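Take this structure, written in structure tokens, and hold onto it; I'll ask about it next.
Naming follows writing order (A, B, C and D), and every chain is counted from residue 1.
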Amino acid sequence: MKLSGGLYVLRETGRSLWRNAWMSVASISTVAISLLVLASFLVISINLNHVTAVLQSEVEVRVFMKSGTSRAAEMQLMDTARHWPDVRRVTFFTKRQAARALQSEFPAQQGLFALVQHSNPLFDGYDVFATTPQKIPQLAARFRAQAIVHNVIYQGQVVHRLVRLSKIMQWTGWIIESLLSVATLFIIMNTIRLAVFARRREIHVMKLVGATDWFIRWPFVLEGLVLGLIGAALSLTVVANGYRWIVNEASVAVPFWPMAPFQQVVSQTALFIMVGGVLIGALASAVAVHRFLRV
Amino acid sequence: MKLSGGLYVLRETGRSLWRNAWMSVASISTVAISLLVLASFLVISINLNHVTAVLQSEVEVRVFMKSGTSRAAEMQLMDTARHWPDVRRVTFFTKRQAARALQSEFPAQQGLFALVQHSNPLFDGYDVFATTPQKIPQLAARFRAQAIVHNVIYQGQVVHRLVRLSKIMQWTGWIIESLLSVATLFIIMNTIRLAVFARRREIHVMKLVGATDWFIRWPFVLEGLVLGLIGAALSLTVVANGYRWIVNEASVAVPFWPMAPFQQVVSQTALFIMVGGVLIGALASAVAVHRFLRV
Amino acid sequence: MKQTIRFEGVSKQYANGHQGLVEVNLEIRRGEFVFLVGPSGAGKSTLVRLLYGEERLNAGEIYVDQFRLRVLTHRQMPRLRRQLGIVFQDGKLLPSRTVYQNVAFAMEVVGASSRDIKKRVPHVLELVGLSRRRDNFPHQLSGGEQQRVGIARALVNRPSYIVADEPTGNLDPETGQDIMKLFVEINRIGATIIMATHAKDLVDRFQKRVVAIEAGRIVRDQLRGAYGYEA
Amino acid sequence: MKQTIRFEGVSKQYANGHQGLVEVNLEIRRGEFVFLVGPSGAGKSTLVRLLYGEERLNAGEIYVDQFRLRVLTHRQMPRLRRQLGIVFQDGKLLPSRTVYQNVAFAMEVVGASSRDIKKRVPHVLELVGLSRRRDNFPHQLSGGEQQRVGIARALVNRPSYIVADEPTGNLDPETGQDIMKLFVEINRIGATIIMATHAKDLVDRFQKRVVAIEAGRIVRDQLRGAYGYEA
């Protein structure tokens, strides 16, 4: 296509968007709204993943040392364990710390309190955090095999549930996201098809005066692309500002809730939505025009 | 409108759907898809509410009796408390049961075990479940005021968080649902507007040969209604079958997860989606036609 | 009720500033047959479109029976249009309906009974020579056949006025004459007929009242006239 | 390359079974001027539509220069159509473009430079008498003006064939004659012209080759003929 051809396409696209302004607005708003829904759930889905990741990282394995083990031996094991593949973090606690923790969990148990104060029946130990909850059973076994370890406990049931739950949540997220993507695709396709349908006679006449298929198609494709682009940009603006607001509000209202960082969320969403919007718009136009070119 | 008028409208509607079959399919599928998205999130939102309700009902207040209180006095208070307004359930435990529970929570603590076996420092008491977590602080205070009560504990932080979280989840659910409703409304409106736009010349001609506004409008309104109805029925079929499948799968895969019952979910969703689809379809048509009646 | 059409100082300026009609005065009485002639772009269709309210006038007043077009409300418009049988210059057939349905539609609009419709439509199609095309769609018709569907639609409700804008442009001379004879017959039994046309031979032959328009003004109004002055 | 149009035993049956053309044989040589006449529904437009490939033929073969229409691929179609300047019976203007843009579009389609377009379009609009309407949209034009836009569009690329289907149906006799003279002039400088028409006066006056069609068959083919036998 020559330069003049390119200019023609650009000019035609602009004119056409303007001429069919009313239709352009209807199409763009539909594209924007469906992409907005898609983007919102992408944000939610990223956050779900983020939360499950954070939750998972909170599950701990408690390793208790045999009483009488020297502090040096305890420290040495800890230093070694730190470098085991599935270990994310190890924190040491003394039996006094363990006692205090127990007390604060049962503040009312005066008898227990006295007992623990008097002769502490608890042990020194580590809190070990695994990289992923799946690794916890192995990790527990590995600690149990150490000579100085008295006992290893972890909430097997909880871990099990958590792993399953987070998998379900991730899967649900992806499934919803995929279904939404398909839905968005359909809606945008249909919208552009209806818009092109309203102009079928125009296409027919173009063919009859000798226009080639691509000569007719290019402006439509570019128009679809622009519709997609504007729609995507609009929806992104809303989502980005909305998410910024939510992150700010959440940091005050539910400070303990881990929100996925703004930058990461918006950049991932932007990439997906912009590329998606533009591609769908252009493709949908091309497909829609196709029907009416057979003259 | 006379009977013949009604027949005319019905016949016209049928013919028009058939004549513009291609456009009808595009419109119906768009309506169906957007209602499908809406319905899916309604189902999710109903389930969120269900889960938070269940979670909330699991929060308990532990009431410990003064040691030496007679079993009869303990029982009497329990019977009274059962009828307090915010109490959902009260279960009694002896100090032996409390000790066993403690043991099972810290299975590794041999010293603790021995101690508790030997001279139980714990108390008899109740587990009290409130109707809503918000009532827990009041409830705790009321128990605390009783003469025979030694101490009342509840996980204040947890309750606080849970109340907040469940509120946030519910609100998020409703906000998403409302936004989705608006989005669906827009998409359906736009779709029907585009479909009507493609037939603007037809409307124009009808006016010129002397048709009244309502004569033109009725078939369009009925057509929009039928589009909405078919779209809603399609989306409901998918959602109902999908949810049945999910409920069945979930009962195996994650039996501990409380799913909202199929009947309730589907009937609520059906009501919302059918009424919404039909109303939106009819209204959107009426509005879309309006633009082209000013001749 | 006066059965007349009266233009009093009617001017029409289009949105782009073009002056479609300038100070037109014209009275057409019940039962008249009027040819509207003039060069392309003179304003014949403008006059016709004002009459049935597709365009609104800027100055003056048009009276059609009891209707005053300047003050006609949106709700009254259908009632006016049902007095008029209009043949549009560009046909304006409904593309998704068959010949039969296009004509029947005009009767459904006025609430005719389906018995009447079933009797009247075939009769009118017969009159314009389209009986064999009744189940075709407009795009399956020749130009002249489409034009005749438009004529049939205008006649079907037996309106008191027939307003035909270039109804024979796509017809061969013989068919054109048949249509003319049909109009003359309908005129004879009472309808008022206004026909914008370029068909010099028809105008010259039938010797009716001729109103000539040029550049939006009436330049001639002649009973038993011909297409041009020379005739 | 032979500059001819040749119909060899061409038949066309429409999807609904109607026989549009029956066994038509016709040869039109370079530089000829042919009137296509016949009653409404005879098959004139069918013949024209087969020529530019809007309808496909069922039997026989049509040759246009080097093109054989029966075997013409979808890709070759635009190249055929660019050889032909077509005036459609129903105008087929693009409603969302101005007069100027409608005509310019036909040049853009063939990849003309914008300098050529800027020079040629106003010239052609001048020829058909529409210079003052160049920025109007089709719906802002009178019937005759729309028809002339269609004519301008057909002429603008100086095609070797002009195929005009009823180009003067909405024109007053005088403007119609001006258009005829334009065609004659274009024919004189080399273009082949095929014009389907009902304009008896034009056919009779200009004394060109007349091909008469009736019910899909060629019933007369006469050099220097008249509209009817009687003439």
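The working rule: contacts are C-beta pairs under 8 Å (C-beta built on N, C-alpha and C of every residue); 3 or more make two chains touch, one makes a residue touch a chain.
Values in this document were obtained by computation on a predicted structure and should not be read as measured data.
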Chains touching both chain A and chain C: B, D
Chain separated most widely from chain B, comparing mean CA positions: D
For chain A paired with chain D, centre-to-centre distance based on mean C-alpha positions, whole Å: 62
Chain B and chain D, separation of their C-alpha mean positions in angstrom: 67
Averaged-CA centre spacing for the pair chain B and chain A, given as whole angstrom: 23
Topology of the chain contact graph, where touching chains are joined (line, ring, star, complete, other): ring
Which chain pairs touch, all of them: A-B, A-D, B-C, C-D
Chain D-touching residues of chain A, taken from the complex the two chains share: 2, 4-5, 8, 16, 19-20, 202, 204-213, 215, 294-295
Residue numbers on chain C that touch chain D, as the complex places them: 14, 16, 18, 37-42, 44-46, 89-90, 136, 140-145, 148, 165-166, 169-176, 198, 200-201, 227
Residue ranges of chain C in contact with chain B within the complex: 52, 54, 74-75, 77-79, 81-82, 84, 86, 88, 92-96, 105-106, 108-111, 113-114, 153
Chain B - residues contacting chain A, complex: 22-23, 26-27, 29-30, 33-34, 36-37, 40, 62, 64, 102, 106-112, 114-115, 121-122, 150-153, 161, 164-165, 168, 176, 179-180, 183, 186-187, 190-191, 193-195, 197-198, 253-254, 256-257
